[in-house]
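Each of the next two complexes has subunit A plus one more chain, namely subunit B in the first and subunit C in the second.
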Partner chain A sequence: MTDIAAAPPSTVGTASHWLKKHAFSSLPASIATVLFFALLLYIAYLVFDWAVIGAVWSAENADQCPTAHGACWSVIDARYRLILFGLYPYDLHWRSTLACVAIILTVILSCIPLFWSLKRLALLWVVGFGAYYLLMEGGPIGLQEVTTDQWGGLSLTLFLFSSVVLIGMPMGLGLALARRSKLPVISYGVSILIDFIRSLPLLTTLFTAAVVVPILLPDWLHGDKIWRVIIAFALFFACYQAEVFRGGFQAIPRGQFEAGQALGLHFWQILGRIVLPQVFRHSLPGTINMVVVTFKETAIVIIIGFFEILASANAAFGTGEWAPYYIEVYVFVGLIYWIFIFSLSQYGEYLKRRMSVAKR
Partner chain B sequence: MTKTLKSLLAVMACAAFVPSALAAESATIKMIEERGTMLCSGHNGSYFGFVEVNDKNEWRGLDIDLCRAMTTAILGDPNKVQIVPLSWAQRFPALQSGDVDIIIKATGWTMGRDTELGLQFSLPYFFGGTQLMAHSDLGITQATQLEGGTICVEAGTTIERIVADYLKTLGVEHTMISYEKAAELRAAYLANRCDAFAGWGPNLAVLRATEIDNPDQHIILEDQLSSEPISAAMRQGDEDFVDFTNWMLAALLLAEEHGVTMANVEEMAANPPNPTVARLLGSTPGIGERLGLRETWAREMIAAVGNFAEIYDRNLGKDSPYKLERGLNNLWSHGGVLYAPILD
Partner chain C sequence: MAEAVILRRKFSAKDLAIQALFLAVIVVIVAEAVSSARTNLAEMGLSSGLAFLDRATGWSYSFSLIDHSIDDSYRKTLFIGFLNTLFLGLVSIVLATVLGFAVGTARDANNIAVRSSATIFIQLFRNIPLILQLVFWYAVLIHMPGPRQAMSIADAIFISNRGVMVPGLTIPTVAGIGLTIFAVVAGVLIARLSALRTSLKLLIWLAAVAALTLLLWVTLAPEGAGLVSAPELKGLRFVGGLPLPIEFVAMVIGITLYGAAYIAEVVRGGLQEVPKGLIEAGRALGLQEGMIWFKIKMPMTLRTIIPPLGNQWVFLMKATTIGVAIGFSDLFMIVSTSITQSGQTLELIGILMAAFILINFTLAQLVNLLNARLRLKGH
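Up next is the complex of A and B:
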């Protein structure tokens, strides 16, 4: 608790008090406030006029687009399925939709404290992820098979993101633990690996996995391109995440291990019950940051020929009919990104509040 | 004719056919037949007129139609093609590693690619070069009139160098501004930040036709700064596959030349108007056997995708939003530079 004497004076007051104090304290301040709000309103009006008033909404009215003064949302109406599902066969979009719902549900459920045990989380992810994969691929459950090179759009972006985080997070924890190992072979080996991968650009890593590996390795070691890329991406994620966890480990006083040992707990008990919960709390902001960055970085796979959401957006305005309306498509994709990333960071805030309970 | 003479003739005929029968053993075609699908290059997004995606999430475009033509010729069904999305940077490694069987993706035939990269190219099926587009209110028609003007280009492309070389040769003083992204470049030109805009001819025409509210306000200058032959690229070491690709393209051009279309192909096959059409459509045997394929491959191919003119008009020409003139890409007999080798 801060010293009461140093605390700011009472902030109790009405909105008009606040306004008077902060916005209209003097004549120049009042003028600046009015001008600024006028400008803000004007910009808001321009955006509203473009996006709503002057806009054309449906694909049937696309012929009005060239003369309309606002946005042409017809392009979204006509092409949203391309943006969401990429090259997935048109008649099977229900499968892609269900798969997206499955993965989003899995992510939402695993954010709920009820599922926070290793067993429950593992079960949830095996089920959610399995459902996604089986729905998309279709072969093993007797549906028409759709190979991974036809996956695309938002559903591919979500798949890449969740598998990279899902594989990368435990891998990062493993690397962080190995780096703290008392055996020099392991700790030095892992340090070299982490520093090596961190000094390569992500693009190079992915390009190697997608394009160079099949040239170097024999056929039977290739595997599917999408899995090669996911594993390379997860390794990249893990190396950064390991450093985030390392920061968390360093915040924990050595004495806690010793106290644990003195109580007769063995290594895994100390780790699981005492150290890791604190490590997670300390490394939470960094982890949320990594997750958000990874969500956005999935767009880089466009360079190795994956049809993720930005590539399918590009294809959506990439025909003669829709070429002039690329701004509308980018706004739409931007909104999708914003919804996911905003939710992620809000969830991070919630976690921070929840975890700070332990400190009180 | 006596029996002996007949068998002698048969032996001679066989002997004559042995080399061609051997020549038809293309490893790539065999692989495609075993797999049952043909792997062809797509794009990570859209490349106007050549590779794009329609409202039903299916690929379409000039290059896609050539892939479908090829698939029909080999496997008898245009839907057995599998289009693998590839970026520009990835296309050649993907070909070498076997991710695709062929690259048909607005790819220029250059010496470096032909030699150092270990590729082989088909006959060119398209010619496109660097050209300049300018605002028509400047009242210019040629690059020499750009004296003192500002020219916008995409950064890091061959176009930048070609424009600089060309204007230097002409002795035209100019300022060059390069932009990282095509969309930025477009916006800069439309906002009058530059007098002229350099780009690949077909792209300029597409842009003029679609992105700009009033096409008449822009003029594509007469100068042809460069001309790039666009060919299909294949792996080195399978000459028979190159032969096949060349004859596939030749068949599409021959069909156009002799008026064989998607609609009348069966009729033409039943009553061929001349010996070339008879050979082309397999009414007179030879075209299939010599490539190790069905005698009717060209007939099936034309029935599925049409002749070269139909493919062009559908994707770039008069039936497409782009309305791009055939120009150089017409048959030699109509003032273009496309021609088919002789079908004997």
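Up next is the complex of A and C:
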């Protein structure tokens, strides 16, 4: 009897208590629990059976694909380089790989509080993006030159994403400051621009940059199509990000600004030392949300003719022999997107929770 | 003079100079753009203006609610594109909202199995780009068997690589759209008659809609046709029913699932804000869970979520533009095809932008109206 008394008292009790409350509280609830779990298990079984048990894994065994009842991952084995790197020269794929790693590292490091200051973040992104660009382009550091029209796949997606964030973030801060300006011409002008861009679909903005801007600009200002599209995308990002920053500015009491003035600080000193650090903190969850949205939206540049990861995926099963295995390719690309976006948005959720606890 | 004095008092010389410079820069950019456009258009041999709107297009496209041909003018073709965008947007918004409310409620459920299913749904469809989901559904549909081996659901709905055939009313499409609009407007009007009981309101509405349906059927349906026609396989294609092209079906599935995942999160946020005390009060009164949802949770939730919900609707409306990736002829696709065919780039882009600003503005007004109506009185 003493054994039982000495056993840890709570775990079994709370677990069954919890189950009773959340799974079997009443007869209909119990039926729902069993039905929904049965359905989930069945779907999980179907997916597992298709993706693992019945699947063909290597490109050498591709001849087994038509008879196998599961996925034909051979197409990924055979074509993953095309999907990840597009038409980048085959021998130089190590450069593409390193460049992608540089961007991913930059994103991961930005999530660490150690880097959360204007200077460090700016430095980190400039270095990360610079490393990417030099590795991909190659010319300036004495490697074989590869022009942007040969970039593709995941590395192009990451390029678009990182350059949009890098250019759009300061632009967004500038727009937010301009909208708060006490000079009516500037604040109205910027408000109109922000509301205009925000009411248009992103695709319209990008299409305008790709097709219409060349008509409106003199020849010497045209630049590359890819840079026009990136700048338009960054403008789109900036207009939304400006509203995120505006929310952050509104959370700062006026008294802080006045305290800075009382100490004899300059406008820019007050902004840089007192206001902005708090604005960044307040707008962090919104900013992460914008970064996630931007990463997702890069996929639509396929429509205006860029060979990003979705386009290279289409090319991967585009040829006759792999045509039946489109689902495998889409699942592979979807998984890449999903992992990036899920981890980033979970991190955003975590920050939001932590900040709301800190506020209390 | 007086104004100038006020201006001088309010702004320093430096402030005025900065604003003047800002205006000057804008004027220079616009002037430069206009002159560049003149020279560039002259080089391409294009004349600007809206005269091209009356020319026949000479090309066809995948989807239209009304009869169309390659002899249509640009004006009519653009209008069809606009209608398609509105139609697809509205259908997707309604479906995504209904599904989103269901999933959001499930996400907030006490039951662990229901809640995890909803979480999986949200995390799956929210974290993959919409365009990837669209091309996926399109690829799945296009790999469906041909009409002869079409998958059938209860011999009423047939899914083949030519589209999804569903039973439909025998009245013309335009009349069907009119009927739907009538049903919505009548529903809103009848709902506002506060003196009547809900069941009576429902009855009046059903009677009105049924009466108009019958009237349209008697006057407009072809001789000898029943009220509803089901699709039937005749030779190599289906006859009767309502054919939904695969581009349209893929768009609706994709936007609905993606939108529902977002709307579900909005709904869950709203449900979590409902004060616990109100729900406990409902339980103390002996209300069933369903009644608590209807009478306490939903009214409270709707009050807080209308603005973010409106944002999602606007987003879904804009998302219709990526239909061009799978060849759905929405306004964007019609405009971009028109640009390639006619070269009237500036005019067409202007029309596209104006259309979206109009759509956005209208939706924003509707959301504001809804928000004002749902607000607690006296707040």
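The rule we apply is simple: the second predicted complex is superposed on the first by the 323 of 360 C-alpha atoms of A that agree within 3 Å, B and C clash if a C-alpha of one lies under 4 Å from a C-alpha of the other, contacts with A are read in each partner's own complex, and residues count from 1 in each chain.
Keep in mind that, in the parts below, a residue touches a chain if its C-beta (ideal position, glycine included) is under 8 Å from a C-beta of that chain, and two chains touch if they have at least 3 such contacts.
Since the model is a prediction, treat every value here as computed from it, not as a measurement.
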For this session: Give one word, clash or fit, describing how subunit B and subunit C relate on subunit A after superposing.
Result: clash
Exercise. Touching A:A315 in the superposition: subunit B (first), subunit C (second), both, neither?
Worked result: first
For this session: Considering only the touch criterion stated at the top, classify A:I302 as touching first (subunit B), second (subunit C), both, or neither.
Result: both
For this session: Using the superposition on chain A described above, determine whether A:V291 touches subunit B (first), subunit C (second), both, or neither.
Result: neither
Problem set entry | Touched partner set for A:S25, first subunit B, second subunit C, both or neither | second
Problem set entry | Partner chain(s) touched by A:Y90 [first = subunit B, second = subunit C, both, neither] | first
For this session: Please indicate which partner A:I215 is in contact with in the superposed arrangement: first for subunit B, second for subunit C, both, or neither.
Result: both
Exercise. Is A:V185 touching the first partner subunit B, the second partner subunit C, both, or neither of them?
Worked result: second
For this session: Specify the partner with more touching residues on subunit A, choosing between subunit B and subunit C.
Result: C
Exercise. Between subunit B (first) and subunit C (second), which does A:L206 come into contact with in this model arrangement: first, second, both, or neither?
Worked result: neither
Exercise. Thinking of the overlay built on chain A, is A:V333 touched by subunit B (first), by subunit C (second), by both, or by neither?
Worked result: second
For this session: Using the superposition described at the top, list the residues of subunit A that contact subunit B and also contact subunit C.
Result: 207, 211-212, 214-215, 302-303, 314, 326
Exercise. Across the complex, what residues on subunit A touch subunit B?
Worked result: 66, 78-79, 81-82, 85-90, 147, 149, 207, 210-212, 214-215, 225, 302-307, 311-312, 314-321, 323-324, 326
For this session: Note which residues of subunit C are touching subunit A in the complex, please.
Result: 11, 15, 18-19, 22-23, 26, 32-33, 36-37, 40-41, 110-114, 116-117, 120, 123-124, 126-132, 135-136, 139-140, 143, 318-319, 321-322, 324-325, 332, 336, 339, 345-346, 349, 352-353, 356-357, 360-361
For this session: Mind listing the subunit B positions that touch subunit A in their complex?
Result: 42-49, 52-59, 82-87, 89-90, 93-94, 96-99, 183, 206, 209-211, 213, 320-322
Seminar exercise, completed: The residues of subunit A that touch subunit C in their complex are 21-23, 25, 29, 32-37, 39-40, 183-186, 189, 196, 199-204, 207-208, 211-212, 214-218, 296-297, 299-300, 302-303, 310, 314, 326-327, 330, 333-334, 337-338, 341-342, 345
